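The data blocks that follow each hold one structure.
Each of the two complexes below includes subunit A, the first together with subunit B, the second together with subunit C.
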Partner chain A sequence: MKGKRVELLFEQQTAVLKIFVEVNFENSNPIKEKSKELISKNNVENLIIDLSSVPYLDSSGIGFVLSIFKFMRDKKGKLILLNPNDKVKRVLEVTKIDTIIKIFYEKEKAVEELS
Partner chain B sequence: MVKPAFKKQFLIGGSTESISEVIENILLLLKEKNLQIEDMDFRIELVLREMIANAVEHGCDKNNDFSQIKIKLEIKKNQISISVKDQGDGFEWQKRDLETLPIFAENGRGLIIINKTADRIEFNDCGNKIKVHFDFSEVD
Partner chain C sequence: MNRIKILKDEIKEKDKNIIDLEENIKKKFKKARDVHQRMLPKKLPDTGDIIISTYYRPAEYIGGDYYNVMEIDHESMSPFFDQYLVYYFDVSGHGIDSTLLSIFINDTIESFLKLRHNPGEMISPKELMNYIDNAYQEEGFPDDYLVCIFLGLLDLNKNRLNYCSTGFQYPIFKIDAGKKVEKIKTGGLPVSSALAFVDKTLEEKEMIIDKNSMILLTTDGLLEQEINGKSYFEEIDKILNSYSSYPAPLMKDIIYADFYNFSAESMIKDDLTFLILNRMENKRKEWNSARSDLSNRTILEEVLNFMEESCENQKNSSFDKLKNIVKSILLKENNFTVLQTINIKAYNNPEYLIFSFEDKKNNLNWKQAAGNSFDEFIKIKNEFVRNDFEFRNNKVYISYNNFYNKIYFFIPKLKSN
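This part shows the complex of A and B:
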């Protein structure tokens, strides 16, 4: 049975999109669609993507992050990435995503940034 | 005396399950060889994942589980070479910009990541085979 891949939680009224799987060429589109659906349905203004349970992001996974970034930007909202593991952090650096999206390692500080 | 080249070939199907396994096997094999390559595990995993993802995405019949992707690993004097070949029609790699990383585009990063991470990259004429090279200093 397939477990859940993405869910939207609220941390002191800040929306946190938690991803539970590697995001790659095979699953990035359904994860992107599901994420946008959750964001729209809950009228999310600013968003944290919690990457702590994501073992890896390939270039399609990076495409997913950028798609959500642009989706939030179009809504005049902000996006923050939280807790990528070392490997994911390196992929974010290689692709220069870290130059356009802030990365935090403490949830409280990420929430504070968006409050 | 010149050491003979080490060669190994892997065949994987169009499904994604075998990707992690083959990458793990290759990294283990390279670790055993004790090669002095800067940041080897990260760079080789990054490149292999993108190369194999391209092969599965563009060069495989998803309904056919038969082994379709050929991965060749070769280690010789000061160089690791890894090639990935699929059964697709390939693509016009000559027309692709492999240097400019798109910051905001959602697609088109895979080949640029490969090009920027490996020491050298080459394709066969029709573009269904990609080969990357990593240099290292030989240790006696």
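This part shows the complex of A and C:
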């Protein structure tokens, strides 16, 4: 698979994990491993996952989000999801992920929440 | 020169080893697929006025999907109950690991029924879901996996389905003949080790299964398939609305034919598993063949009379052919000589008649046993699929279940002018 799938950026010292592709059965494992590696290497305490470039999450994609959620929780850190499109938002609502992970639609507010 | 030849030979040898290894892995996966297929129930209960049809196909050699429908054993109180546990689940991934987890989930359900259920007591799908979740968390499986589960208690004395579900993104479809398909939300947090500390509030819901209605239950694979940005979820309504009056076995054939048309040459990305529960207009009529030809002749006469009475004025070659087949089966002619315990069920709906045949003792594979006896029906069925599922000349349509050990003949009735 060519092209960037995941990148860790910093917004006012808050870590933002940007995902650039649909997360599905075929790629969820490498994306998860890469994400965990970036989080560990950069000693990230709180994290925003930017979903604005993710067209869709299947059940493996949900598995990815939950795995990062547990990873951050084990580190006593917080996790926020940012800007899912309507399709991804529907998935997060139907599976009630939105009841355990906060979703924001404005980056500034998400950063403020974690500051 | 010699050095090049040696290197070429080495490469050739290594290529051969790789091919052998690939073959070996394929063989092992094929064996694993056979084991997985054998885990699926070969027979599903059909009782009263309910027909259940299922479809299963793993995305790769094996998968993490599973389904079952089993009668709840109330021991000495069984005559007062007519209850079934309907369940299906989807473990993320399509490998041996997913299959092993699906065996764990299935074993957990069976152990609940053995250890926690007392005859005469109502099973709560919500309680069972909590039991599965607790057992899963106790095992501490890696958080790489998640499980979506649907558990339903089908009570045929009340025509009611009580259910609880976790993780599925797509709804249940309720299809009432002649009405617009209704989508009923399921969803909920999936079973996952990542959620061990989350206090889950499960909901149990209830649905009435009316006469002449169907419930389509499916894992996400069918509906998630996407072609050019359009998912099959956005497409399926068309056929569910158009053929809402067709019975479950035919609806199953229509859904998978339509799905493969939709997918065209694209790879099927996920396991496909769906169940259709169909309540008929009328209760069934049933015959069980006897060992003696004399008794079977009496049954044959009854079945043929029933066919004639139910489909008055039906005169066409495929109807006559079906009558001949019933005769061959009951009198153990042609390829049906092994039949000893043939069970025949008939459902007489206003628009059609359905016959099902099953050899309860020998678990006969009808496709194999029939030889070329069913060729005419297969031809009609192929035309039916090619012609957008429209009936032609009121012919007889054939359908098999997943394991070919049950066969259905579907006879649309001629409309009188």
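Just so it is clear, the second predicted complex is superposed on the first by the 114 of 115 C-alpha atoms of A that agree within 3 Å, B and C clash if a C-alpha of one lies under 4 Å from a C-alpha of the other, contacts with A are read in each partner's own complex, and residues count from 1 in each chain.
Just so it is clear, a contact is a pair of C-beta atoms (placed from the backbone, for glycine too) under 8 Å apart; a residue touches a chain by one contact, two chains touch by 3 or more.
Owing to the predicted nature of the structure, the values given are computational and were not obtained by experimental measurement.
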| item | value |
| --- | --- |
| Fit-or-clash call for subunit B and subunit C when the two complexes are aligned on subunit A | clash |
| Partner chain(s) touched by A:N29 [first = subunit B, second = subunit C, both, neither] | second |
| First, second, both or neither for A:K70, with subunit B first and subunit C second | both |
| A:K4 touches, of subunit B and subunit C: first, second, both or neither? | neither |
| Partner chain in contact with A:K102 - subunit B first, subunit C second, else both or neither | neither |
| Footprint overlap on subunit A, where subunit B in one structure and subunit C in the other make contact | 24-25, 56, 58-60, 62-63, 66-67, 70, 90-91, 94-96, 99-100 |
| Sites on subunit A touched by subunit C in the complex | 24-25, 29, 32, 56, 58-60, 62-63, 66-67, 69-70, 73, 90-91, 93-97, 99-100 |
| Subunit B-facing residues of subunit A, complex | 24-26, 56, 58-60, 62-64, 66-67, 70, 87, 90-91, 94-96, 99-100 |
| Interfacial residue positions of subunit B with respect to subunit A in the complex | 16, 42, 45-46, 49-50, 53, 56-57, 101, 103-107, 109-110, 113, 116-117 |
| Residue ranges of subunit C in contact with subunit A within the complex | 90, 92-94, 143-146, 148, 167-169, 185-190, 192-195, 197-198, 220, 224, 226, 269-270 |
